[in-house]
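Alright, structures below, take your time with them.
You will see two complexes here that share subunit A, one where it goes with subunit B and one where it goes with subunit C.
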Partner chain A sequence: MTRGEHLRNLALLVVCALVLALLPRGLSLYYRSFLMFTMMYVVLALSWNIISGFTGYTSFGHVAFYGIGAYACAILVADHRWHWLPTLAVGAGIAALVGVALGYPVLRLKGPYFAIAMLGAAEGTRVIATVWDGLTHGGLGISLPSAETSVETYYAMLVLMVVTIAVAYAVGHSRFGVRLNAIREDETAAAALGIDTTVYKLAAFVLSAIFPAVAGGIQTYKVLYIDPPSVFFVQITIAMALMSMLGGKGTVIGPIVGALVLYTAQELTWVNFPTAHLIAYGLFIVLVARFMPRGLVGLAIDQGWIRKGMLH
Partner chain B sequence: MRDLRKTFGGVRAVDGCSFSVPAGKISGLIGPNGSGKTTTFDLLTGLTRPDGGRVLYRGNDLAGLKPHQIFRKGITRTFQITRIFREMTVLENMLSVTGLGVPDHVARERAHELIAFVNLTHLRAEYGGRLSYGQQKLLEFARALMTDPDLILLDEPAAGVNRTLLQHLLAQIHRLQESGKTVLIVEHDMNVIMNHCERIFVLDYGVKIAEGPPAEIRHDERVLDAYFGRRRR
Partner chain C sequence: MERSEVRRLYALALFLLGAYALPFLVGASQGTVHLNERWLGNLATVVVGGLMQGGVYAMFAVGLTLIFGVMRIINAAHGEMVMMGAYLTWVCFFYLGLDPLLSMVLTLPVAFLFGVAVQKLLLNAAVGAPELTGLLITFGLGLVMIYTAELIFTTDFRTIPYAPGTVRLTSTIAVGRNRLVSFVLAVVISMAVFLFLKLTRLGKAVRATALNAEVALVCGINVRRIYLVTTGLAAALAAAGGALVSIQFGFNPETGVVYTLQAFAIIILGGRGHYVGALIGGVMLAVLENLVSLMVPNGTAMVELAAYGLMIAVLLIRPGGLMGVKEG
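Right after this comes the complex of A and B.
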């Protein structure tokens, strides 16, 4: 990709960010909240995509990092009277450490074994949050001091989304990103071409753990109450995966498009069909995997609308 | 390599094998199917760990090192069945190689040169998986040259490549040798081996049974026995 195209994409991101920054003043609480959720899912899908799309290690447990960030914020704000913003950094730091400790053994597993191990790890974090009463207040959950937080958290989520997009874009269009792709395509060949696969996979995993943790912290400060089932909610992981798959995993624009489309669709349907939308979700997974395995972006590439590959 | 050994289950795939690849020359490694040629390559490049023995390269023992560490010592390889990255473009395949220690634009320049070197320029934005098998072999060959390695191991470069492409590939291999590189080729195509290698090593059941220039190997009794079975005298 040429420098001109990078500049154009940067300009596009800046314009979108400015529009989103000006919006909340004139919006009702409902729409502000809708936009904030959408931005959060963009962050989550893009993060999941770094390890699962770029690197090919499909994670079914990424909600663990979201939950860790949520608990870091809740505990520090409610029990230790911290200001909420620095708790986001703490959550990100803990998620990174857990990412290294968990990733080192688990990233030796491949394909379905990795996916299942991550599912188990996420369950593990949920159980820990439930039984570690002294720290997390267990199943009672944690209530934060009530306040009107919807505007500040909106801006925090906006900043997080812009940073996440910028990082995902930089990774996707670098030789680092291409090496992650190489690991996805053929790990043995990648190693034979000098790629230290352990280090690269771990870097991708940690990178994909940080942003969901920050998102979890921001979301916690918005809703002001969390308990284990609400933040270690398996459907959040499924949403990350499905949004990336629908848009086109392994690309930068794919997870963004997927998050916009799917979250909007979900919001439109659940009001009228509170349970049916979950069935539709399941059906959707099957249809996307069967007929559009490379997502909307893959479709656009096959049609010749978008060039193949990330480096040109 | 000295006294190299590798056992899979009860099968002694490489069984106390020793030979020295002459620097700056093209050598061949031959033997019947299952004689341990590819396993030898895997041992040399760290894809499998040897059970015993040493791999000496410029005075260092490489046995037990990880693949990426061996690669950074200047040894690259291609695979018997190509292992190009299928859902990455030709250019991306080239740029995935590490250890260049050069800025982005230099790496790109080198990638474009090598893509041209194997006549794939018109396909540089195409997915690796969309290339013909012969073109994939060429891509893999070019990719192995990204870091300007000193020792190049080629596992059946001729298999599945048409005659015209093969002549081109062989010419490139000779150009590498002329620029001071060492090449070791595993190949079943005897024309390639006999006409292009200066020294040949013959394996059978994981043991080296002969070594020498093509003219000698051609008439070596043990080699003929290994390939055609014991003849009646």
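Right after this comes the complex of A and C.
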């Protein structure tokens, strides 16, 4: 990709960010939180995509990091009277540490075994959050002091999204990203070429753990109440995977498009079909995975609508 | 076996020993262990109860291991298939007045056909694809099943009163009659499936496909048909598990998730794709769960943690599990 194309993409990102920054004043609370949720899912899908799309290690437990960030924020704000912004850094730090400690052994597993181990790890984290009463208040959950936080959290999420997109883009167009792709395509061959696969996999895993933790913290300060089932919800992981796949996993633009399309569709069906929307959602997952494993970006490339490498 | 493999097997054995000792240690420190006759009787009852429950778990875990062994697909809707079996049994019991065990004659073929349909319409596309495809397809299917069941049956817990009372095995050990009946039936069905796989032509073809699908194809086995049979059989086993679970525990549309995770833990402990491994894994998991719930405070949550902990530790120590071969 040429320098000019990079600059054009950067300009596109800046313009989108500016538009999103100007929006909240004119919007009702409902649309503001709708936008915020959408931005959060862009962050989550893009992060998941770093380990699972670029590197090919399908994480079925990424919600663990989201939950860790959420709990870091809730505990420090509610019990220790911290300001909420520094708690995001703490959450990111803990998620990175957990990422190293968990990733080092678990990334030795391949394919389905890695996916199952991550699922077990996420469920295990949820159970720990439920039983560790002294720290997490157990199943009762944590209520944060009530405040009007929807504007400041909106801007925090916007900043986080821009940073995540920038980082994912940089990874996707760097030697680092190419090496991750090499690991995905053939790990043995990658190692034979001199790539230290352990280090690269771990770096990708930790990178993909940090942003969901920050997103979890911001979201917690928005809704002001968390409990283990809500922040360690399996379907958050599924959403990350599904959005990436719907857009086109392994690309940068794919998870962004997937998050926008899927979250909007979800919101519309939820509003219009309150009883059947979960069935429709399940059906949608099945259909996307069955008929569009390469996603919208793959479809667009196949149809000749976009040139390979143009946007991603 | 290589030397390092033997070492890993020893490490796994040592870990399992520790896992079984842990509830006793916690129990001793929390004062829930009493070395009198009554408590020892309780302990024996819990272990025997675990064995019987394990037989049922093992039976539906075999279904998961079959799908995985033959197609390398993780069926994330397996627990929902168990749940479907439970509801089919419930409908037969309350609307048709059928005996829960007798109704299997009706429900298992239905489940088999369901499995065949799932394979034909959905899973054939996931064979040989990246694992995410199969995982998402089956997870989505599970969601559809859960919320369809909620629409029809609501989220209320259902139970089927069947074979009440207890059977005294010895002076101190007594088990519920329903649990004993379930166990016996689970053993019979597991044996039947085992013999089917070992002795019949079709069963041998299933095993051959699991070993190497390409070679099986070259040998003239219709691999697509084997896939249909495999998923059909797995769904039927799950439904049989559901029928046996339904006469022991309450269930609602969302209980399936727990069974999915238990089945994962079992096949990983026993060795994926390994039939006898699944049976051993099922019994070991159920006994451990019962020990935890007897001695460790905060029971239900800790029981779950035991299953996940066991699963991850086995994956890390010896990904092949107890019986599996080196892989992954």
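Worth a mention:
Criterion: the second predicted complex is superposed on the first by the 303 of 312 C-alpha atoms of A that agree within 3 Å, B and C clash if a C-alpha of one lies under 4 Å from a C-alpha of the other, contacts with A are read in each partner's own complex, and residues count from 1 in each chain.
Convention: a residue touches a chain if its C-beta (ideal position, glycine included) is under 8 Å from a C-beta of that chain, and two chains touch if they have at least 3 such contacts.
Computed from a predicted structure; not experimentally measured.
By the touch criterion defined above, A:His62 lies against neither subunit B nor subunit C after alignment on the C-alpha atoms of chain A.
Of the two partner chains placed by superposition, A:His137 touches none, neither subunit B nor subunit C. Look at A:Lys222: by the touch rule set out above, it reaches neither subunit B nor subunit C. Between subunit B and subunit C, C touches the greater number of residues of subunit A.
Once the two complexes are overlaid on the shared chain, A:Gly282 sits against subunit C while remaining clear of subunit B. When the shared chain is aligned, no partner comes close enough to touch A:Arg32: not subunit B, not subunit C.
Residue contacts after overlaying the shared chain place A:His173 against neither subunit B nor subunit C. Contacts of A:Lys201 after superposition on the shared chain: neither subunit B nor subunit C is touched.
Once the two complexes are overlaid on chain A, none of the subunit A residues touched by subunit B in the first is touched by subunit C in the second. Residues of subunit B touching subunit A in their complex: 45-47, 66-68, 71-72, 76-77, 79, 83-89, 91-93, 95-99, 104, 107, 125-127, 143-144, 146-147.
Against subunit B, in their complex, subunit A makes its touches with residues 175, 178-179, 181-182, 185-186, 188-197, 250, 307-312.
Taken in their complex, subunit A has these residues touching subunit C: 52, 56, 58, 60, 105-106, 108-113, 115-117, 119-121, 123-124, 127-128, 130-131, 234, 238, 241-242, 245, 249, 275-276, 278-279, 281-291, 293. Here subunit C touches subunit A in the complex through residues 68, 72, 74, 122, 125-126, 129-133, 135-137, 139-148, 151, 257, 261, 264-265, 268, 298, 301-302, 304-305, 308-309, 311-312, 315-316, 319, 328, going by the rule given at the top.
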